[in-house]
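Following are the structures in question.
First chain A sits with chain B, and in the next complex the same chain sits with chain C.
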Partner chain A sequence: MTFSIQALAAPSRTNEPRSTGSDISVDSDEELQAVSSVKRKKHAAVITPGELVTDDPQWMRGHGTAATPGSTAILATVAGTLLRTNKLLSIQPLRARYTPEIGDLVVGRIVSVETKRWKVDVSAPLLAHLPLSAINLPGGILRKRTSTDELAIRTFFSEGDLLVAEVQSVYQDGAASLHTRSLRYGKLRNGVFIRVSGTGGGGSVVRARRQVWTINTANGGGDVDVVLGVNGYIWICKHSRGELVASSEEAKKMNEITRMEEAVSESMYSNRNDEIPPQTRREIARLTGCVKALVENGIRVDEEMVMAAYHASLEPDGDDVPMTMDYDEGHETHEYLGGSRGSRVVAAAVEATKG
Partner chain B sequence: MPPSTLLSPSELSYLHSSLSLDLPIRPDARSPTTFRPLVAETDLLPTTNGSARLCFADGSEAIVGVKAEVERTIGASSTSSDVFARGEDGDGDTKMQSAEEEMNEERRRLARGKGQDSWIEVTIDMPGFARDDDGVVVFLAQMLQEGLVADEGLRDRLWIGWGWHWRIYVDILLLTTPNSYPLPLLSLTTHLALLATRLPAPISRIDEDPLFNDDWDAAEPLYPPSGSAHASKPPFTLLVISVEDNIFFDPSREELAVADAVCAVTVGTIDAPVSSGKRREGTPKLRLLSLRIIDPPARLAAATSGTEAEDDQGAWRPARGGMKRAVVGKMVKVVLEVGGVGEEVMTGLEGFHDG
Partner chain C sequence: MPLDTSTYSLALLRLDGRRWNELRRMHAQISTQPTADGSSYLEMGNTKVICTVAGPAEGRKAGGGGGTGGDANAMVQVEIGIAGFSGVDRKRRARGDKRTSEMQLTVANAFSNTLFTHLYPHSTILITLYVLSQDGSLLAACLNASTLALIDAGVPMSDYIAACTSGSTSSYNNNDEAADPLLDLNGTEEQELPFLTVGTLGAGEKVSVLVMESRVQAMRLEGMLAVGVDGCKQVKEILDDVVRRHGKRILLERVKI
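On to the complex of A and B.
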């Protein structure tokens, strides 16, 4: 079916009162646990900003809540689900912007160019800064930046360019300062960009051991790199040797300063894509579909889940008869991971990671 | 009109080269004619004659309410035709079928060619366009109204009797900020709302003041369902893009950004007379109502960027010039052919309405 339209899923409304203050002000701890877990299972109650969470003084307020002065009431400040850790009440937001932390690997897009720095969109409340002094300048990592570099600032990055960087520091107001002073960081090429929500919420990128890895794809696709920015920006591209997203051993080899000088050349900031065969493009598209399906179904996006979803998507699906269109003969449509096919792939992936 | 999508040169070139392959690869692995799944509901507004809500996969959402009002036809000359009508009445009483049936049939016959364009009114409300005489809003409303009035059958069905007619108000509300061309969304939602629209059944004779059956279950659908003698369907508009020689339906934002040409194709049904019994059951024949070429965003961006960026080592540049005839031809063929996209969308929408 090339055109599908589904009825709006009716929200499972129950007429019972929500598990707000009155429910969790039970005295006995065991009873409380039982009550709240049952309630939560029945309908994952979404608490809205300003809603009274509890007015019992025994609870402590955590993230996403606020105390009202002069009373013991705890009010919600974000929309989300209630999370209880012992006596601490916090609210997990349904959707949150990314809060930069030092050391985070982020993918960002340049939105403006200033005299000595770039402003980068990293999906945080404030734009991040990338100072000219925090990038690898052509001709050697340790070179001092000069006025010539300042004039040629647009040859490194200009508006719209994507880059992978690390958060170097966070200012008082929460704005991040980035750096790309490593061969693993820099301009992104040869791939596609996906935007999902960052840390926090259901389907989103979570901080993990590895944010960047290489997949040896099926169907002759070759190696494909996946960069999961902690901020929810994702880059999937063809793996190219010794380039920005270098594998660990290559990075080690590059550790000598002399080698680095050679590596950091003008080509680092080129906009030209490599030759990418259709097989690789197809696998990149499949991976994109996997990530989108994970997000749509509210599953976390990390290496484990993406790999599981990718393998699940390679399995032929019983329900989906490959259809051929009249006008492009022989092209299968079951590669599209949207709608019900996406949910099935994600379900299979979740099953696979459990076992 | 849509906010320009900020994409890096390498992303644009990757997208464009993927889409211009012989077997094109869309960024989400869809086939060229596959639509992203839609979510919809109908009959949600209790005080309208018909209403629908539709959510696109990109998160945009619209609500349409259709309201009908009885109005006195200005300048209706009933003298000459009255005689004609009475004469018909005299013949009618010999063959006594169901009196109501006969009256409806007669009304239908007499109404032919009496409908007026001004009886159908379309208004659009979009966030960000506060004034309802804003150029964009007026233009979109005009495009939708034009599709509706192209169907003589609809206009004539609004005719109640001598001196009286229905006036149809189609109120379209776009709930989300338009993040790409909103026309297909608005048009498909309107289509669903009109399919769900019913008008109270008249019980008065055509030369009397109108009187209606107060039983809502007896109300007649504005568009007779397929299978009945006068089956017809509301028109809809699809967005089609072309990249090189390939054409794509339901383009995503990224795909629109690299489109060589963007077309809005409006398709309606042929209002075939009762006599032609050759039509296949349930599939009214389609006809092309309009084909408009919209300025692709890429070209707008290119125009503003001016003479700069002449260097561009191999980066993609938007194509110059118009659309090829062959591509236009292919577009029309894929939409209109038997079992083509137009038919698929039509049956998909109708299937949703019935189910």
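On to the complex of A and C.
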């Protein structure tokens, strides 16, 4: 399975001469420069918990490090690579649970409903809060919240609902406070949910310029939205909001737009899926397979890689049964993206993004 | 066959052919289960353990297997499942088994003092251990597997907890002054000889876990402890090597794209 991947990795290993001293203790100016050059190199040495990072008092310790009482030594507390920001030394863990940061786009699931807020699972150490005051209420965005809304809190989100939101603030203890005050955010429907690991490691979502985008899918699948939550929760669904935007562009009247917003907020908290044609379902499933294949092969999940994998998955390749569009007959087609087929698709995607 | 009187004194080789200061083959893997936050698989000889870590996450109630930690700190909870087929004779252990819950408590206490639990208030770190095969040094294997899984989960800790067992060849009756201490006992040796489990913080001399359930002459203890701590240093090197190799592989994959 990994044979093709290793073949790709080989050249990068040879043209990056690695210093033989894997120990990154910083004692002198000379070695200090070694640290910065290590950082600039694409792969630095792995530091493991308890390892001495430096005993020079000029450095400050950041995340993933600890001071030893009674000395100036800084020790690592996680396994990862050294990151130097001016005088701050921190260790980036190889893999860690997601830690919320302000502005992150996350996909979450409602765990519990309280009087004025929801608790949302965003795969962080603590559950995130979504206050009632931080959502768009139906019937116009700018409306005062009333006690009626408080009583009807379950009509907006109830336990088990999925939503896409942004981290508005982070509390002292690390818990996130979310908001959905934008038409881009809100309840999720018409799609599938995938969970991949949080930040770091091989296959995981990375913070990128664009976390939400629309794909015009092949085989008549229409438009499909992909939402990559930074927390490793992914949502792939049929594109629907854009239709309303398109219609509003046709009729460029102001009142049309307000009506559109009303229509959006009407459907915003609906729990019913739209009618999804089989072609769209198939393409959603293919995208899901692409994401899973990327994760299985330890490749980062972002727009570039998902798109490359999707295009690669559309290409027939010789080792498989011939591509057939006859879905009713029920024999195996190119829809399956696991196992060796998955690694071939990923290898092709990696090749495509390189060139 | 009493081990301490027969073969050992003749050839100075143990039943499985090791000398007194040799570890069994130790093999470990890290990140074995993609859905867990952290996971590991560890073999110490024929003792085989799978470990998964869930968390730190909110929402688990206190109770169940050994849990420690206040509200301002993350709580470390440990669940140990011993498979019915893991031992020589097949038996199913009850859920509230005393020996199991003591092991759970020992592991939980060890890690709640080593992990930086203050970084994750109101949350729980759940360590789940499955024992697939037991042949001595079970507690040590559980501690080592948990260390690896917690490193995989990216939970900050002050250092590795590396553990192994050590025993003494001569029983109380023999009263033999020159009795050799033994390192890393297997299942048959554990049944016949007095032994202790020792876990150290990293490769240093700091002992974080020390458990002895059998009786031994007090003067033997020092030798056993010295051999045990020395064994922990070797174990730490092996664990560290596993983590480094895994890290190197991940970094290579990152460069690839």
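We adopt the following convention: the second predicted complex is superposed on the first by the 228 of 355 C-alpha atoms of A that agree within 3 Å, B and C clash if a C-alpha of one lies under 4 Å from a C-alpha of the other, contacts with A are read in each partner's own complex, and residues count from 1 in each chain.
In this text, a contact is a pair of C-beta atoms (placed from the backbone, for glycine too) under 8 Å apart; a residue touches a chain by one contact, two chains touch by 3 or more.
Since we're looking at a predicted model, the values are computed, not measured.
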| item | value |
| --- | --- |
| Chain B versus chain C as contact partner of A:Val111, first or second or both or neither | both |
| Partner chain in contact with A:Leu126 - chain B first, chain C second, else both or neither | second |
| Chain B versus chain C as contact partner of A:Gly174, first or second or both or neither | second |
| Which superposed partner A:Glu159 touches (first chain B, second chain C, both, neither) | first |
| Partner chain(s) touched by A:Gly50 [first = chain B, second = chain C, both, neither] | second |
| Contacts of A:Ser147 with chain B and chain C, given as first, second, both or neither | neither |
| Chain B versus chain C as contact partner of A:Ala79, first or second or both or neither | second |
| Chain B and chain C footprints on chain A, overlapping residues | 5, 8-9, 111 |
| Chain A-facing residues of chain C, complex | 31, 34-35, 37-38, 55-59, 74, 116, 119-123, 151-160, 201-202, 240, 243-244, 246-248, 250-257 |
| Chain B-touching residues of chain A, taken from the complex the two chains share | 1-9, 109, 111, 159-162, 188-193, 270-273, 276, 278, 281-282, 285-286, 288-289, 292, 325-328, 331-333, 335-339 |
| Complex contacts: residues of chain A adjacent to chain C | 5, 8-9, 12-13, 16, 42-44, 46, 48-50, 64, 66, 75, 77-81, 93-97, 111, 123, 125-127, 173-174, 195, 197, 200-203, 295-296, 298-300, 305, 350, 353-354 |
| In the complex with chain A, residue positions of chain B that touch it | 6-11, 13-15, 17-18, 21, 23-41, 53, 55, 57, 249, 254, 312-315, 330, 334, 337, 339-341, 344-345, 348-349, 351-352, 355 |
